[in-house]
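Mind looking over this structure? Questions follow.
Each chain gets a letter, A, B, C and D, in the order it is written, and its residues are counted from 1.
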(Lines give C-alpha, C1' and ligand atoms only; values in the text may rest on other atoms or scores of the structure.)
Protein backbone atom coordinates (compact mmCIF):
# COMPACT_ATOMS: atom_id res chain seq x y z
CA UNK A 1 0.00 0.00 0.00
CA UNK A 2 2.72 2.40 1.00
CA UNK A 3 4.71 1.57 -2.11
CA UNK A 4 1.66 2.09 -4.29
CA UNK A 5 1.22 5.68 -3.16
CA UNK A 6 4.90 6.29 -2.80
CA UNK A 7 5.15 8.58 -5.75
CA UNK A 8 2.34 10.77 -4.36
CA UNK A 9 4.87 12.72 -2.34
CA UNK A 10 7.15 15.29 -3.91
CA UNK A 11 10.27 16.39 -2.14
CA UNK A 12 11.07 19.95 -3.21
CA UNK A 13 14.26 21.87 -2.48
CA UNK A 14 14.11 24.59 0.16
CA UNK A 15 14.57 27.18 -2.54
CA UNK A 16 11.75 25.74 -4.57
CA UNK A 17 9.40 25.70 -1.57
CA UNK A 18 10.32 29.31 -0.74
CA UNK A 19 9.73 30.41 -4.31
CA UNK A 20 6.34 28.68 -4.51
CA UNK A 21 5.20 30.08 -1.14
CA UNK A 22 6.30 33.56 -2.21
CA UNK A 23 4.26 33.32 -5.40
CA UNK A 24 1.24 32.04 -3.47
CA UNK A 25 1.59 34.93 -0.99
CA UNK A 26 1.47 37.36 -3.90
CA UNK A 27 -1.71 35.70 -5.16
CA UNK A 28 -3.25 35.79 -1.69
CA UNK A 29 -2.47 39.51 -1.55
CA UNK A 30 -4.09 40.01 -4.96
CA UNK A 31 -7.26 38.29 -3.73
CA UNK A 32 -7.34 40.51 -0.64
CA UNK A 33 -6.87 43.51 -2.92
CA UNK A 34 -10.00 42.56 -4.86
CA UNK A 35 -11.96 42.28 -1.59
CA UNK A 36 -10.91 45.83 -0.77
CA UNK A 37 -11.98 47.01 -4.22
CA UNK A 38 -15.44 45.51 -3.66
CA UNK A 39 -15.66 47.19 -0.25
CA UNK A 40 -14.68 50.50 -1.88
CA UNK A 41 -17.41 50.30 -4.54
CA UNK A 42 -14.84 50.11 -7.30
CA UNK A 43 -16.00 49.94 -10.92
CA UNK A 44 -16.63 46.43 -12.28
CA UNK A 45 -14.19 46.95 -15.13
CA UNK A 46 -11.36 47.67 -12.70
CA UNK A 47 -12.32 44.70 -10.51
CA UNK A 48 -12.35 42.43 -13.56
CA UNK A 49 -8.91 43.59 -14.66
CA UNK A 50 -7.62 42.63 -11.20
CA UNK A 51 -9.34 39.25 -11.38
CA UNK A 52 -7.72 38.61 -14.74
CA UNK A 53 -4.36 39.55 -13.20
CA UNK A 54 -4.88 36.91 -10.49
CA UNK A 55 -5.75 34.45 -13.22
CA UNK A 56 -2.46 35.20 -14.96
CA UNK A 57 -0.47 34.75 -11.74
CA UNK A 58 -2.21 31.43 -11.09
CA UNK A 59 -1.76 30.17 -14.63
CA UNK A 60 1.88 31.09 -14.61
CA UNK A 61 2.33 29.29 -11.27
CA UNK A 62 0.41 26.27 -12.57
CA UNK A 63 2.53 26.14 -15.71
CA UNK A 64 5.71 26.36 -13.68
CA UNK A 65 4.67 23.49 -11.42
CA UNK A 66 3.43 21.42 -14.37
CA UNK A 67 6.72 21.85 -16.23
CA UNK A 68 8.75 20.91 -13.18
CA UNK A 69 6.45 17.93 -12.69
CA UNK A 70 7.07 16.80 -16.24
CA UNK A 71 10.83 17.25 -15.96
CA UNK A 72 11.01 15.21 -12.76
CA UNK A 73 8.15 12.84 -11.87
CA UNK A 74 6.90 12.26 -15.42
CA UNK A 75 10.34 11.59 -16.87
CA UNK A 76 11.02 9.21 -13.99
CA UNK A 77 7.78 7.29 -14.46
CA UNK A 78 8.32 7.03 -18.21
CA UNK A 79 11.79 5.63 -17.61
CA UNK A 80 10.16 3.09 -15.27
CA UNK A 81 7.83 2.33 -18.21
CA UNK A 82 4.76 3.59 -16.35
CA UNK A 83 3.08 5.13 -19.39
CA UNK A 84 -0.18 5.81 -17.56
CA UNK A 85 1.57 8.91 -16.34
CA UNK A 86 0.98 10.34 -19.83
CA UNK A 87 -2.80 10.20 -19.38
CA UNK A 88 -2.43 11.77 -15.97
CA UNK A 89 -0.28 14.64 -17.19
CA UNK A 90 -2.56 15.14 -20.17
CA UNK A 91 -5.57 15.52 -17.87
CA UNK A 92 -3.65 17.99 -15.70
CA UNK A 93 -2.78 19.99 -18.79
CA UNK A 94 -6.44 20.14 -19.81
CA UNK A 95 -7.52 21.16 -16.34
CA UNK A 96 -5.02 24.02 -16.29
CA UNK A 97 -5.84 25.42 -19.73
CA UNK B 1 -13.26 65.80 -14.15
CA UNK B 2 -15.59 64.32 -11.59
CA UNK B 3 -18.25 63.77 -14.23
CA UNK B 4 -15.73 62.18 -16.56
CA UNK B 5 -14.89 59.49 -14.02
CA UNK B 6 -18.36 59.33 -12.58
CA UNK B 7 -19.14 55.96 -14.03
CA UNK B 8 -15.97 54.48 -12.55
CA UNK B 9 -17.79 53.84 -9.31
CA UNK B 10 -20.23 50.99 -8.93
CA UNK B 11 -22.72 51.01 -6.09
CA UNK B 12 -23.54 47.40 -5.18
CA UNK B 13 -26.32 46.23 -2.89
CA UNK B 14 -25.33 45.01 0.57
CA UNK B 15 -26.30 41.49 -0.44
CA UNK B 16 -24.17 41.67 -3.54
CA UNK B 17 -21.16 42.93 -1.59
CA UNK B 18 -21.59 40.16 1.00
CA UNK B 19 -21.88 37.54 -1.70
CA UNK B 20 -18.76 38.76 -3.52
CA UNK B 21 -16.72 38.98 -0.30
CA UNK B 22 -17.83 35.48 0.66
CA UNK B 23 -16.68 34.11 -2.68
CA UNK B 24 -13.37 35.92 -2.41
CA UNK B 25 -12.89 34.52 1.11
CA UNK B 26 -13.35 31.03 -0.31
CA UNK B 27 -10.71 31.73 -2.96
CA UNK B 28 -8.33 33.14 -0.34
CA UNK B 29 -8.83 29.94 1.66
CA UNK B 30 -8.10 27.85 -1.41
CA UNK B 31 -4.83 29.73 -1.97
CA UNK B 32 -3.83 29.17 1.66
CA UNK B 33 -4.68 25.50 1.18
CA UNK B 34 -2.21 25.25 -1.68
CA UNK B 35 0.49 26.86 0.48
CA UNK B 36 -0.10 24.15 3.06
CA UNK B 37 0.13 21.47 0.38
CA UNK B 38 3.52 22.83 -0.69
CA UNK B 39 4.71 22.87 2.92
CA UNK B 40 3.55 19.25 3.28
CA UNK B 41 5.50 18.04 0.22
CA UNK B 42 2.31 17.12 -1.57
CA UNK B 43 2.48 15.55 -5.02
CA UNK B 44 2.55 18.02 -7.96
CA UNK B 45 -0.52 16.42 -9.51
CA UNK B 46 -2.58 17.07 -6.39
CA UNK B 47 -1.29 20.63 -6.12
CA UNK B 48 -2.17 21.26 -9.77
CA UNK B 49 -5.70 19.95 -9.29
CA UNK B 50 -6.13 22.44 -6.45
CA UNK B 51 -4.73 25.26 -8.58
CA UNK B 52 -7.18 24.41 -11.33
CA UNK B 53 -9.98 24.48 -8.73
CA UNK B 54 -8.95 28.03 -7.75
CA UNK B 55 -8.94 28.90 -11.43
CA UNK B 56 -12.51 27.67 -11.72
CA UNK B 57 -13.65 29.65 -8.67
CA UNK B 58 -12.02 32.78 -10.06
CA UNK B 59 -13.45 32.32 -13.55
CA UNK B 60 -16.89 31.74 -12.18
CA UNK B 61 -16.59 34.89 -10.04
CA UNK B 62 -15.24 36.87 -13.01
CA UNK B 63 -18.11 35.68 -15.21
CA UNK B 64 -20.65 36.61 -12.55
CA UNK B 65 -19.24 40.13 -12.22
CA UNK B 66 -18.94 40.53 -15.99
CA UNK B 67 -22.54 39.51 -16.56
CA UNK B 68 -23.81 41.85 -13.84
CA UNK B 69 -21.65 44.57 -15.36
CA UNK B 70 -23.21 44.00 -18.77
CA UNK B 71 -26.74 43.97 -17.36
CA UNK B 72 -26.22 47.25 -15.51
CA UNK B 73 -23.39 49.59 -16.56
CA UNK B 74 -23.11 48.41 -20.17
CA UNK B 75 -26.86 48.55 -20.85
CA UNK B 76 -26.94 52.03 -19.29
CA UNK B 77 -24.03 53.31 -21.39
CA UNK B 78 -25.52 51.88 -24.57
CA UNK B 79 -28.81 53.60 -23.84
CA UNK B 80 -26.80 56.83 -23.41
CA UNK B 81 -25.33 56.02 -26.85
CA UNK B 82 -21.84 55.56 -25.45
CA UNK B 83 -20.86 52.70 -27.77
CA UNK B 84 -17.23 52.76 -26.73
CA UNK B 85 -18.40 50.64 -23.82
CA UNK B 86 -18.62 47.74 -26.31
CA UNK B 87 -14.88 47.85 -26.95
CA UNK B 88 -14.28 48.04 -23.24
CA UNK B 89 -16.48 45.06 -22.41
CA UNK B 90 -15.00 43.11 -25.30
CA UNK B 91 -11.50 43.65 -23.94
CA UNK B 92 -12.64 42.54 -20.47
CA UNK B 93 -14.15 39.39 -21.98
CA UNK B 94 -10.86 38.58 -23.71
CA UNK B 95 -8.86 39.20 -20.54
CA UNK B 96 -11.08 36.82 -18.60
CA UNK B 97 -11.09 33.99 -21.13
CA UNK C 1 -43.97 33.45 -36.56
CA UNK C 2 -42.08 35.48 -39.10
CA UNK C 3 -41.81 38.38 -36.68
CA UNK C 4 -40.58 36.11 -33.94
CA UNK C 5 -37.61 35.02 -35.97
CA UNK C 6 -37.18 38.34 -37.67
CA UNK C 7 -33.94 39.21 -35.96
CA UNK C 8 -32.43 35.87 -36.90
CA UNK C 9 -31.31 37.28 -40.23
CA UNK C 10 -28.33 39.58 -40.55
CA UNK C 11 -27.91 41.71 -43.64
CA UNK C 12 -24.20 42.28 -44.19
CA UNK C 13 -22.62 44.74 -46.62
CA UNK C 14 -21.06 43.32 -49.80
CA UNK C 15 -17.65 44.27 -48.47
CA UNK C 16 -18.29 42.54 -45.20
CA UNK C 17 -19.47 39.36 -46.95
CA UNK C 18 -16.41 39.39 -49.23
CA UNK C 19 -14.09 39.89 -46.27
CA UNK C 20 -15.67 37.05 -44.27
CA UNK C 21 -15.62 34.65 -47.24
CA UNK C 22 -11.98 35.53 -47.91
CA UNK C 23 -11.05 34.72 -44.30
CA UNK C 24 -12.99 31.45 -44.42
CA UNK C 25 -11.22 30.53 -47.67
CA UNK C 26 -7.90 31.03 -45.93
CA UNK C 27 -9.02 28.74 -43.10
CA UNK C 28 -10.23 26.11 -45.58
CA UNK C 29 -6.82 26.25 -47.21
CA UNK C 30 -5.13 25.82 -43.86
CA UNK C 31 -7.22 22.70 -43.17
CA UNK C 32 -6.29 21.26 -46.57
CA UNK C 33 -2.67 22.03 -45.75
CA UNK C 34 -2.88 19.89 -42.63
CA UNK C 35 -4.36 17.01 -44.65
CA UNK C 36 -1.36 17.21 -46.93
CA UNK C 37 0.98 17.19 -43.94
CA UNK C 38 -0.66 14.01 -42.67
CA UNK C 39 -0.34 12.41 -46.10
CA UNK C 40 3.34 13.37 -46.16
CA UNK C 41 4.09 11.77 -42.76
CA UNK C 42 4.95 15.09 -41.24
CA UNK C 43 6.11 15.27 -37.64
CA UNK C 44 3.32 15.66 -35.02
CA UNK C 45 4.89 18.81 -33.63
CA UNK C 46 4.71 20.51 -37.05
CA UNK C 47 1.13 19.31 -37.58
CA UNK C 48 0.14 20.65 -34.17
CA UNK C 49 1.68 24.06 -34.88
CA UNK C 50 -0.47 24.23 -38.02
CA UNK C 51 -3.57 23.20 -36.10
CA UNK C 52 -2.91 25.92 -33.55
CA UNK C 53 -2.54 28.40 -36.45
CA UNK C 54 -6.01 27.40 -37.71
CA UNK C 55 -7.30 27.86 -34.19
CA UNK C 56 -5.91 31.39 -34.16
CA UNK C 57 -7.49 32.23 -37.53
CA UNK C 58 -10.84 30.89 -36.34
CA UNK C 59 -10.71 32.70 -33.02
CA UNK C 60 -9.81 35.94 -34.68
CA UNK C 61 -12.71 35.50 -37.14
CA UNK C 62 -15.06 34.59 -34.28
CA UNK C 63 -14.00 37.65 -32.30
CA UNK C 64 -14.49 39.88 -35.31
CA UNK C 65 -18.01 38.56 -35.91
CA UNK C 66 -18.87 38.73 -32.21
CA UNK C 67 -17.73 42.34 -31.93
CA UNK C 68 -19.69 43.35 -35.03
CA UNK C 69 -22.67 41.49 -33.60
CA UNK C 70 -22.41 43.42 -30.35
CA UNK C 71 -22.05 46.76 -32.13
CA UNK C 72 -25.12 46.16 -34.29
CA UNK C 73 -27.70 43.55 -33.21
CA UNK C 74 -26.95 43.64 -29.48
CA UNK C 75 -26.99 47.45 -29.26
CA UNK C 76 -30.25 47.47 -31.21
CA UNK C 77 -31.91 44.89 -28.97
CA UNK C 78 -30.78 46.68 -25.82
CA UNK C 79 -32.25 49.91 -27.13
CA UNK C 80 -35.50 48.00 -27.71
CA UNK C 81 -35.16 46.92 -24.06
CA UNK C 82 -34.71 43.25 -24.97
CA UNK C 83 -32.17 42.47 -22.26
CA UNK C 84 -32.28 38.74 -22.88
CA UNK C 85 -29.80 39.50 -25.63
CA UNK C 86 -27.20 39.91 -22.85
CA UNK C 87 -27.57 36.28 -21.81
CA UNK C 88 -27.35 35.24 -25.43
CA UNK C 89 -24.19 37.22 -26.13
CA UNK C 90 -22.67 36.02 -22.88
CA UNK C 91 -23.22 32.41 -23.90
CA UNK C 92 -21.68 33.09 -27.30
CA UNK C 93 -18.67 34.63 -25.62
CA UNK C 94 -18.21 31.56 -23.44
CA UNK C 95 -18.55 29.23 -26.41
CA UNK C 96 -15.86 31.12 -28.30
CA UNK C 97 -13.33 31.33 -25.48
CA UNK D 1 21.78 16.67 -41.91
CA UNK D 2 19.44 13.80 -42.51
CA UNK D 3 20.13 12.39 -39.07
CA UNK D 4 19.56 15.75 -37.45
CA UNK D 5 16.05 16.00 -38.82
CA UNK D 6 15.39 12.33 -38.62
CA UNK D 7 12.84 12.57 -35.89
CA UNK D 8 10.91 15.21 -37.80
CA UNK D 9 9.08 12.49 -39.70
CA UNK D 10 6.28 10.51 -38.16
CA UNK D 11 5.22 7.24 -39.71
CA UNK D 12 1.51 6.71 -38.98
CA UNK D 13 -0.43 3.53 -39.55
CA UNK D 14 -2.84 3.44 -42.52
CA UNK D 15 -5.76 3.41 -40.09
CA UNK D 16 -4.42 6.40 -38.25
CA UNK D 17 -3.91 8.36 -41.48
CA UNK D 18 -7.44 7.50 -42.65
CA UNK D 19 -8.91 8.53 -39.31
CA UNK D 20 -7.04 11.86 -39.29
CA UNK D 21 -7.98 12.64 -42.90
CA UNK D 22 -11.62 11.80 -42.16
CA UNK D 23 -11.66 14.20 -39.21
CA UNK D 24 -10.00 16.92 -41.27
CA UNK D 25 -12.59 16.39 -44.02
CA UNK D 26 -15.34 16.94 -41.47
CA UNK D 27 -13.67 20.19 -40.37
CA UNK D 28 -13.28 21.31 -43.99
CA UNK D 29 -17.00 20.66 -44.47
CA UNK D 30 -17.82 22.68 -41.37
CA UNK D 31 -15.80 25.63 -42.72
CA UNK D 32 -17.64 25.43 -46.04
CA UNK D 33 -20.90 25.34 -44.08
CA UNK D 34 -20.04 28.64 -42.43
CA UNK D 35 -19.28 30.19 -45.83
CA UNK D 36 -22.77 29.18 -46.95
CA UNK D 37 -24.26 30.68 -43.80
CA UNK D 38 -22.55 33.99 -44.57
CA UNK D 39 -23.81 33.89 -48.16
CA UNK D 40 -27.33 33.22 -46.84
CA UNK D 41 -27.30 36.23 -44.47
CA UNK D 42 -27.56 34.01 -41.44
CA UNK D 43 -27.75 35.57 -37.99
CA UNK D 44 -24.38 36.23 -36.31
CA UNK D 45 -25.34 34.15 -33.28
CA UNK D 46 -25.91 31.09 -35.46
CA UNK D 47 -22.67 31.68 -37.37
CA UNK D 48 -20.77 31.98 -34.09
CA UNK D 49 -22.23 28.74 -32.77
CA UNK D 50 -20.94 27.03 -35.91
CA UNK D 51 -17.53 28.62 -35.53
CA UNK D 52 -17.35 27.38 -31.95
CA UNK D 53 -18.27 23.90 -33.21
CA UNK D 54 -15.32 24.00 -35.63
CA UNK D 55 -13.16 25.11 -32.73
CA UNK D 56 -14.24 22.08 -30.74
CA UNK D 57 -13.54 19.71 -33.64
CA UNK D 58 -10.10 21.23 -34.09
CA UNK D 59 -9.26 21.13 -30.38
CA UNK D 60 -10.36 17.55 -30.12
CA UNK D 61 -8.21 16.65 -33.14
CA UNK D 62 -5.27 18.61 -31.72
CA UNK D 63 -5.60 16.86 -28.36
CA UNK D 64 -5.75 13.48 -30.04
CA UNK D 65 -2.59 14.15 -32.03
CA UNK D 66 -0.82 15.64 -29.01
CA UNK D 67 -1.62 12.63 -26.84
CA UNK D 68 -0.45 10.20 -29.53
CA UNK D 69 2.66 12.31 -29.92
CA UNK D 70 3.36 12.08 -26.19
CA UNK D 71 2.75 8.34 -26.11
CA UNK D 72 5.14 7.70 -29.00
CA UNK D 73 7.73 10.34 -29.91
CA UNK D 74 7.97 12.00 -26.50
CA UNK D 75 8.30 8.72 -24.58
CA UNK D 76 10.95 7.62 -27.06
CA UNK D 77 12.97 10.82 -26.75
CA UNK D 78 12.77 10.73 -22.95
CA UNK D 79 14.06 7.17 -22.97
CA UNK D 80 16.92 8.41 -25.16
CA UNK D 81 17.47 11.05 -22.44
CA UNK D 82 16.58 13.92 -24.77
CA UNK D 83 14.77 15.99 -22.16
CA UNK D 84 14.48 19.03 -24.43
CA UNK D 85 11.45 17.27 -25.78
CA UNK D 86 9.65 18.33 -22.57
CA UNK D 87 10.05 22.01 -23.43
CA UNK D 88 8.87 21.30 -26.94
CA UNK D 89 5.77 19.41 -25.84
CA UNK D 90 5.04 22.05 -23.22
CA UNK D 91 5.08 24.77 -25.87
CA UNK D 92 2.77 22.70 -28.09
CA UNK D 93 0.37 22.26 -25.18
CA UNK D 94 0.31 26.02 -24.60
CA UNK D 95 -0.25 26.73 -28.28
CA UNK D 96 -3.22 24.36 -28.37
CA UNK D 97 -4.94 25.60 -25.23
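Observations, loosely collected:
We take it that a contact is a pair of C-beta atoms (placed from the backbone, for glycine too) under 8 Å apart; a residue touches a chain by one contact, two chains touch by 3 or more.
On a predicted model such as this, the values are computed, not experimentally measured, just so you know.
With centres defined by CA atoms alone, the chain at the far end from chain D is B. Over half of the residue numbers found at the chain A and chain B interface occur in both copies, marking it as a same-residue contact. Chain geometry summary: the mean Cα position of chain A and that of chain B are 19 Å apart.
One finds 32 Å separating the Cα centroids of chain A and chain C.
The set of chain B residues that touch two or more partner chains comprises 66, 96. Taken as a contact graph, with one node per protein chain and an edge wherever two chains touch, the assembly forms a single closed ring in which every chain touches exactly two others. Residues 7-12, 17, 20-21, 24-25, 27-28, 31-32, 34-35, 38-39, 41-49, 51-52, 54-55, 58-59, 61-62, 65-66, 68-69, 72-73, 88, 92, 95-96 of chain A are the ones that touch chain B when the two sit in their complex.
On chain A, the positions that touch chain D within their shared complex are 63, 66-67, 70-71, 74-75, 78-79, 83, 86-87, 89-90, 93-94, 96-97.
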